[in-house]
């Protein structure tokens, strides 16, 4: 990693050494907010940001994300987590606390088209995407120079469906070596095996170049052109074993008209793809997303 | 029709008594624009607006829409059309001239939800939708009072798939009686027979409450909610015999999030539906649309 | 009021008879959320929706809006408000509780252009704008028939700057007679006196036909055209004594191009004006807006 | 310039060796389109794209942009231009022909914030911005490494208002040395002298970080925050001697809310600035812009 980015990250970590996030999911019932906010207050924490959602006031699921500051957080972290167990049990909570200064290790997978990868690298360099981009893995050599100019290791692993298992073995090894928390598929045009997907459950973020569920699968721009649509889109979602069917994180669209042929649509689309993927990745890194069934709550 | 709107229409007709539009489609080759513009010049017409498009400079289809002014247009109309035959033949043109002061007779079909109908009536009343809305036909009584307050005849014709032929007989009779040029299906939740569609080929404009080709068919909002999309849309298209597969005229979308249940999505969607349908109808009335295969060129 | 709308309102009131909203503003400090949520829990209330904002975690102002359900709310309302005083004092809170089934009485002021008034009436009729539109006051006769067709009293009070005081006397009397809570200026092209504005402090919502602070004052479309802007906008704000300088509630824009003359810009603009004003009014009715200095927090 | 981009440019030039553009401005009168299209036809040229606009059918100004193909264009260019003089004279035309394969030499001026420069470089590298970015000039060293990695000469010329003339002398020399056609001010925070502006009349494109005419001058984000606007914008315009008053080429906006402080607004704004400037520059390079008075026609 280059020095410039390293410094940005250190500054961020220093500024956020006492900052953490609560993510909680449980059946709705009276008293949850009261119990959690009381818990935080009693432990000397101050709520900075809080966002909640109830699927249905009667018998629905309840979700909350709380960002809080707490003096000497590092020292208190174990205690906080231990003490919270009794609250969590009472309300039957599915919960976690994440610590903002522990930034996540990210891998980016890419094929021959680098625009989405580049957007991630740029946002990273400008300090807007706070992760440790630890490694880039590609089945093409295209992006090597660019990636290395950012001081990031680049691995070329040729891939196709006949050698999927061997390829994934190599990939998994790298992901372990770099202790990867989250994978961004920045237009990586290969299907992953169920075993791979399982290992990184709800931690693999894909960008699909259509407004899902329109144009699931291959060649969406070609099919959009054929259908004569007046807008094209892109969709970022967590990867599951059903192609392009995982929980949607973010979507966006742009206008096209009869003058736009497939080439022109691809150009317009690239710009949507890169911003949609970048937003989805940043929300994941900021622990803003809770997956529930096949949907996302994005706080 | 009420007096207020009648006056608006007369003012418009008077202002445009010498205004016409050329719509031409032919194989591309050098000299088309030269020949047409020369023709207009020689006949004393002045080009006000011109928009053209070539699918492919080599061997593609060429499209042009020209709006022009011509003194004493009414007197010259026959001559213009006759004289143009030789140009049209030379370039193998599919063409027509429309006269702006001959405003089109429109029928609106609606079921129980009046929001799209109302949008059309309002735009009409404010002078932004220049047609003669001659009749509203519905399989529900809901809109009767509202329609009559605009001075428009309202016909209640109960409909369901078992009596489709009888229903369409009555509808066709009304369409003939009112000399209808174009039909807007403003959320008319009945399927039309091939014979009906054929009679009004490329003159029936539907609004579908999804971003096609996503969620073709029934209950699109329910399915959008199930899928967890982050945007919902609406699509206006000419009706063909393939359900929701006709040439798309216009689409638009709006953001939703995890807080929006099906009801909320419908509310958001209504606002998109009404503006998308209104735009499509106005473009049709302004002769801005050329259908080519299953696509539209919208000038 | 017509029967149809009356029923919608009754249904809404019945459904929300136990629903209320807390709006709180105070200096930030640890323990606020804990205290308020504990208070609600202890009084048998369940939090349905909660949104908060801190201007600055260190020494900033804290804002929260909580929507809650409470059995037998009507009977408990007095007790709730009394009991809350001790909490409010401790944290130095500026607060209020509003009861969702007590819908607000609204007056609409309009001049000769009815598009914004009509949007409000339509949203009202469709049940999307939950208020009692009790009276429409205009310095033109244009909208009389339309307003009466909705069953709403219409008062014509000619106005100009020379008779401002007499005019406002009449208006104030009507506002008292109808027990008005909030006034929407739906393109009412008259300036109000400081005394009038004071009486309805932060309860008069205006729509200005530009993207403020661009084109403050008269003839914004003409000036937008002169300047050659590529987008035009509209701004809804609370009225203060500085012309077009009050707290902004909502803004939106739409694209224009060199083809759009002043007339065309006005048409495009009308559509923005009506949706921007309607959104602002609905947020006010839903108690989503907290004014702080010359800005709004919109939850 | 690096090899990769060089190849893209050569491919483009080769593909467009017979492609040219007509830009014409003249008082409207019948026969213009006929004369020009006849002229092209007679010279063996085929119209590929044509866009026209009349300010006012009666006595207004007429504008047209025609893109055409012509075999052996290079050989015929002189003849074309000579022959056209008689047509031009007849209609009193202000006109030029540009040759698509003669790509323009561009200089980019930048200060300490590189995001707009980077956007231009990326679009350039991806082949979407077809120019020869010949030189980057900056009053900061920030962008040096980045610019050099693209194979472009970088010149550091410290600047402030006290040494404006000396600074511009050096800049002008460089602009001459590199034979510059167009200058992009990619957040170059210095004012240019009238003499400099005159030399590159309608060829200096600036990006201003507000939705003009709101927030002319310094610190627009700070002032937008103070005013409590709900949207922020950016404006690209040709530079004139009136600060931020030149002909507007393109604008765009993005939503902000009460949670966005000045820093957050700047982040959101950067993304708008970079896309707005890139669009304006590309339209200029594609000869899509005609300046008329203080406005632009963008075809």
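A, B, C and D are the chain letters, set down in written order, and residue numbers restart from 1 in every chain.
Assume a contact is a pair of C-beta atoms (placed from the backbone, for glycine too) under 8 Å apart; a residue touches a chain by one contact, two chains touch by 3 or more.
Since this is a predicted model, take the numbers as computed values, not measurements.
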item: Most distant chain from chain A by Cα centroid; value: B
item: Interface residue identity across copies chain B, chain C - same or different by half; value: same
item: Chain centre separation in whole Å, for chain C relative to chain A (CA means); value: 38
item: Junction residues of chain A, two or more chains touched; value: none
item: Topology of the chain contact graph, where touching chains are joined (line, ring, star, complete, other); value: complete
item: Residue ranges of chain A touching chain B (in the complex, touch as defined); value: 53, 211-215, 227-231, 233, 247-253, 257-259, 294-298
item: Contacting residues of chain B [partner chain D, same complex]; value: 29-34, 37-38, 40-41, 44-52, 54, 57, 69
item: Of chain A, residues touching chain D in the complex; value: 115, 118, 122, 126, 128, 149, 267, 271, 275
